[in-house]
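Working notes, beginning with the structure itself.
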Amino acid sequence: MNARLGLYRSLLRARLVEERIAELYPAQEMRCPVHLSIGQEAAAVGVCAALRPGDWALSGHRSHGHYLAKGGDLKAMLAELYGKATGCCGGKGGSMHFIDRKAGFMGATPIVGSTIAMAVGAAFGSRLKGEKRVVVSFLGDAAVEEGVFHEAANFAVLKKLPVLFACENNLYSVYSPLSVRQPKGRSIAKQAASYGMPAWTGDGNDAEKTLALAKKAVAWARTRGPAFLELSTYRWREHCGPNYDNHIGYRTEAEFKAWKKRDPVASFKARLVKAKLLDEGRDAALRAELAAEIDAAVAFARESPYPEPKALLSDVYAGAA
Amino acid sequence: MRQLTGAEAIREALDLCLAKDPSVVLMGLGVPDPKGVFGTTLGLQKKHGADRVFDMPTAENGMTGVALGATLAGIRPVMVHQRLDFALLAVEQIVNQAAKWRYMFGGQMGAPMVVRLVVGRGWGQGTQHAQSLHAWFAHVPGLKVVAPARPADAKGLLISAIEDDDPVVFIEHRWMQVLKDEVPEGLTREPLGKARVARAGTDVTLVGVSYMTVECLRAADYLAEEGVSAEVLDLRSLRPLDEDAILASVRKTGRLVVADTSWAFCGVSAEVCALVAEKAHGALKAAPRRLGTADCPVPSTPALANLAYPRAEQIAAAARASVGLTGPAPRRAAPVIPLDVPDTSFTGPF
Amino acid sequence: MRQLTGAEAIREALDLCLAKDPSVVLMGLGVPDPKGVFGTTLGLQKKHGADRVFDMPTAENGMTGVALGATLAGIRPVMVHQRLDFALLAVEQIVNQAAKWRYMFGGQMGAPMVVRLVVGRGWGQGTQHAQSLHAWFAHVPGLKVVAPARPADAKGLLISAIEDDDPVVFIEHRWMQVLKDEVPEGLTREPLGKARVARAGTDVTLVGVSYMTVECLRAADYLAEEGVSAEVLDLRSLRPLDEDAILASVRKTGRLVVADTSWAFCGVSAEVCALVAEKAHGALKAAPRRLGTADCPVPSTPALANLAYPRAEQIAAAARASVGLTGPAPRRAAPVIPLDVPDTSFTGPF
Amino acid sequence: MNARLGLYRSLLRARLVEERIAELYPAQEMRCPVHLSIGQEAAAVGVCAALRPGDWALSGHRSHGHYLAKGGDLKAMLAELYGKATGCCGGKGGSMHFIDRKAGFMGATPIVGSTIAMAVGAAFGSRLKGEKRVVVSFLGDAAVEEGVFHEAANFAVLKKLPVLFACENNLYSVYSPLSVRQPKGRSIAKQAASYGMPAWTGDGNDAEKTLALAKKAVAWARTRGPAFLELSTYRWREHCGPNYDNHIGYRTEAEFKAWKKRDPVASFKARLVKAKLLDEGRDAALRAELAAEIDAAVAFARESPYPEPKALLSDVYAGAA
């Protein structure tokens, strides 16, 4: 497949998977919190497209897009949301603890900022082991406020580690706007640069632009040390859960609409159509193909068994039952 | 009396304290947002002003230090974390600093602050959103720790905590927040350091920590069906612990079952059993029994999480064994609500 | 057998593990400095290289995350903090992350790392340099916790900890580091999870945590003078706890005294008493007794700090009461060394 | 007294007090760790001289100089080192926990970086209470590595709080040089500035230059928000304890000597002599006066009683015994 189409497919797949989750969630069969990345897919897809197979990524609470873009298994993902034994964590993790080692998606955990340090450590450890690997740390605009970002960034620069900090600035932490958390007018990227690493800002709703930037940043990381990307984007739905929530008052419908106009999927599609790489027919076919894949994954997840009761006490320690 | 949910009771306590004492401030992630920390802070910023009721950067450790520092100027901060787990980032400030602030300066200072820690449970919260590490804080002299099990206590203990001149860790169970019960009006206080006999009985003492008191009360109902009279003691305060109340009850009943919202190992239930062994040696006619969450992190899937928490059935079973009832327990209809929510109105995602 | 100090024994363990397994790395503030973390890391950077043995920024939380992250690549980090108190900054990474790393990913991962926490005592360390919060870590499933009381165990347990595939918190008492005792050569291992009968006896069980085992042994000497045969059980491992060893000893002696380097309240001594009450009900002929540090922060002045720690005299007194010796204890010469140092060679300042 | 002479007196007093401590320490009567600030006095003295009486300061493990420069009581300080009931913490604190509320020295505690957040909080609280107070946070070059610095600085800038971060960069954290902790060539002041506050670098061995800078910074803090000072200086003696330790290998004798040449006390004295404000006779008289004060304080400390045993359990909670 043409690379641009591949990128589009990746975007669309993330979108359709999460839209399906949003659709199915009210049935209350996925009994775990879900932080959807709908609206932010281009950041995940653009960054991951710049990586090599042996590279790794880690993420936080909002990791669906990152997991999928990095190649995480869809069936295992959905089964995890349904709490099933076939889930990527055997049901023990739920939406906030995704992992797919084979795909190099090395874990997501939902304490804001914590995996930033682990990503830096993974890069450090990889280098010690002689592996030429870039590790991406996906983080949000709130995560940079945590001390752990500061500490991890300092160490990464000190040791010139192959880490890419990919910050999706979606303007909010839960329902708290940037204005109550960071000084007005201060750029996250500029502050990151003050640690001694290159930092770029980009349009996180444009997968191609993100990819272009990410290529630069990854190349830098691979050879020279850490790099930082601030990707501006916007979460469409509520912080946690499947619904829209522009009516509750922390942001305006107008702001949402302005961002929705910049839909990373639709705008990329339009571009591809213009470039004659795509038409409605092919798009429909692609959607149908993806829908079928998702259907199958949902069926797999729903039909999979729950873990056996004895699993409760397994995996606490190595070797134990 | 009018009924309030635990969350409403807490909101009322905060509102009254903010109104009464201009030194009180309320801070935490999401405090002024539309969800208002599970409803506990709704409208308070509007009413008391953005200077005193405010959101903060995602920086639990530093902001706890900021709260402690504000006490130097006479401020009495109430800080809230939507999950206890997030506050692990702040234990340095809470335990090294605030807990010792009075002692290490020879009594010249004090740290009148309240740290509200919400304990998650259910709906697949998982390993990092459902810990209840109250035993940690209870271990530390210099801190006070309370854990209300019903709305009225949530209100009364929170007011006492805010008015107290020492740092108080307020353990706020997510499922207590949605309980609805009678709550008195006005600035009502419940004393820090006193347990509450939630139900009097003679045959066995069921000690409940936080939300487990609710399960103990259910267990007492079950036991009553079999003619066993259970006394339910709601600890409410974990430091100081109401030793007298515990000892008086077990001296009366001679039997002890302790149910905790956290792990039994090195937890509050261990302390209660040790206390009784030390100070009421010979009073127990049967071995004490502890019920805590399973000795593992709390998994996300309901298939396993439901097994991780002690429920009334197990508490009753422990009490039955303790009083020597050996036959099978009476069969009971299967619960009508799923086990991973406190009631049917709770539909997640948090 | 040759004698080594605790610090030398630890250094030897580290050296052997670094030599044996290229995945092992050693990190922490001051690791390669001329003092070498109380001598425990001296020369190791030179021998094993600056890639594997290194200093770090003053950033306990982030660096613990770095250590955990390094395990993803197959590294087995040993991290050291010169005071347990500093690691309070890192409990988020240790307890939320490392402890759950295996479980939350359904067993696919693991966090083979060791966190050495040095517990301070004496010479006016004060409230923030002398805490021994091992009970916190022992409370948490997913962690293992060991606390050696003598050099040979320090070595053997550290080697086992480094080779273990789970995160191990290694509680390293500052006064154990200066003890000198026999230590076997080579890669000798002591099993995690096993207590040690440090002295066999029949009349009373003295359970020691970490350095308190040394005081228990002294107390046993005192008791022997009065014809009381004390069994001293050195717990060594706090999670898993060697329940069998504890139960076997108290079933034999019928009497229990537990001495801990931390507060009794909600501590390991509570767990030991609760365990015995639960699983050996009726085995005790007298109430168990707990001795921990006084229920306050440890003050700086020796005039008070000396009173904060249980000493052999108090342990013996508890045991005497437990076996029913009611007369006055034999008079003993006042100790010849000041109470705020482990021995006369120790002259501060740390 | 002439202001310049006053500054000199303050410097000299800090020096003589600590030299006395170093002299007496081997007697093992001060049974607590001591982190001497000998060599670094000008930073403390210069900054504190820029403050108003109602202003506050907080510090960390190395607080002797700050405590004295801020006007902390000498007798209470020495009594604290001797563990006496008359100490500034009643003996409970020791060298690492100084306080003198009356002097506005609001506390020092030795967990690196922790009091930075408290200083920010004290400024925040003071403003809420309507008090026009600047709060100084004394910190070291290692403290900026801690996440708490990052978190506290962000909040200070966000809220435009009247805080002065006074960082004494003495090149070392214990025996660890900056090179193993922070990237080469990165300026602490510049990084601090990236938070959105003015940051100045200055000669921390020159009390007058420090004072001049501090005046600017304090004025800024009082009216516009946080400010940062990086003061380069050097610790003469071992990290903790009374001895010299250039022989143990973490730094060179040559480095030490170069800094010793820039002795903040001697160089200021020379300047005052040159300006005819001081001569050997007056200097000797000043030293004698200070020595007498120190004699008296030492005697007071040594003769003071230890706290009563019952003090062990007092002050844990308000109102309790």
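Letters A, B, C and D mark the chains as written, and numbering starts fresh at 1 in each.
The definition used in the following text is that a residue touches a chain if its C-beta (ideal position, glycine included) is under 8 Å from a C-beta of that chain, and two chains touch if they have at least 3 such contacts.
Predicted model, so just to flag it, every value in this text is computed and none were measured.
According to the touch definition, list the chains common to the neighbour sets of chain A and chain B.
Where chain A and chain B share a partner, that partner set is C, D.
From the mean C-alpha coordinate of chain B to that of chain D, what's the distance rounded to whole Å?
So the centroids are 42 Å from each other.
What is the distance, in whole Å, between the centres of chain C and chain D, each centre taken as the mean of its C-alpha atoms?
Using C-alpha averages as centres, the distance is 35 Å.
Taking each chain's centre as the mean of its CA atoms, how far is chain A from chain D in angstrom?
46
Averaging over Cα atoms per chain, report the distance between chain B and chain C in Å.
Going by mean C-alpha positions, chain B sits 31 Å from chain C.
If you look at chain B, which of its residues touch at least two other chains?
In chain B, 56-57, 59, 61-62, 85, 89, 92, 96-97, 103-104, 126-128, 141-142, 295-297, 299 touch at least two other chains.
Going through chain D residue by residue, note those that touch at least 2 other chains and give them in order.
In chain D, 87, 89, 91-93, 97, 109, 111, 145-148, 150-151, 154, 158, 180-182, 315-316 touch at least two other chains.
Think of each chain as a node with edges to the chains it touches; is that a line, ring, star, complete or other?
Looks like everything touches everything, fully connected.
Within their complex, state which residues of chain B touch chain D.
Touching chain D: residues 23, 25, 51-52, 56-57, 59, 61-75, 92-93, 96-97, 102-110, 141-142, 144, 164-166 of chain B.
Going by the contact rule set out above, which residues of chain B touch chain A in the complex?
29-30, 33-35, 54-62, 85-86, 89, 123-129, 294-297, 299-304, 307-308, 338, 340, 347-350
Sort out for me which residues of chain B touch chain C in the complex.
61, 85, 88-89, 91-92, 95-97, 99-100, 103-104, 126-128, 131, 133, 135-136, 138-142, 239, 241, 262-263, 265-279, 281-282, 284, 286-290, 295-297, 299
So in the complex, the part of chain A that touches chain D is made up of which residues?
Residue positions touching the partner: 145-151, 154, 157-158, 180-183, 185-186, 190-191, 193-196.
Spell out the part of chain D that touches chain C in their complex, as residue ranges.
Against chain C, chain D makes touches at 25, 28, 30-34, 83-84, 87, 89, 91-97, 109-113, 142-143, 145-148, 173-176, 180-182, 240-241, 248-250, 306-307, 309, 311-313, 315-316.
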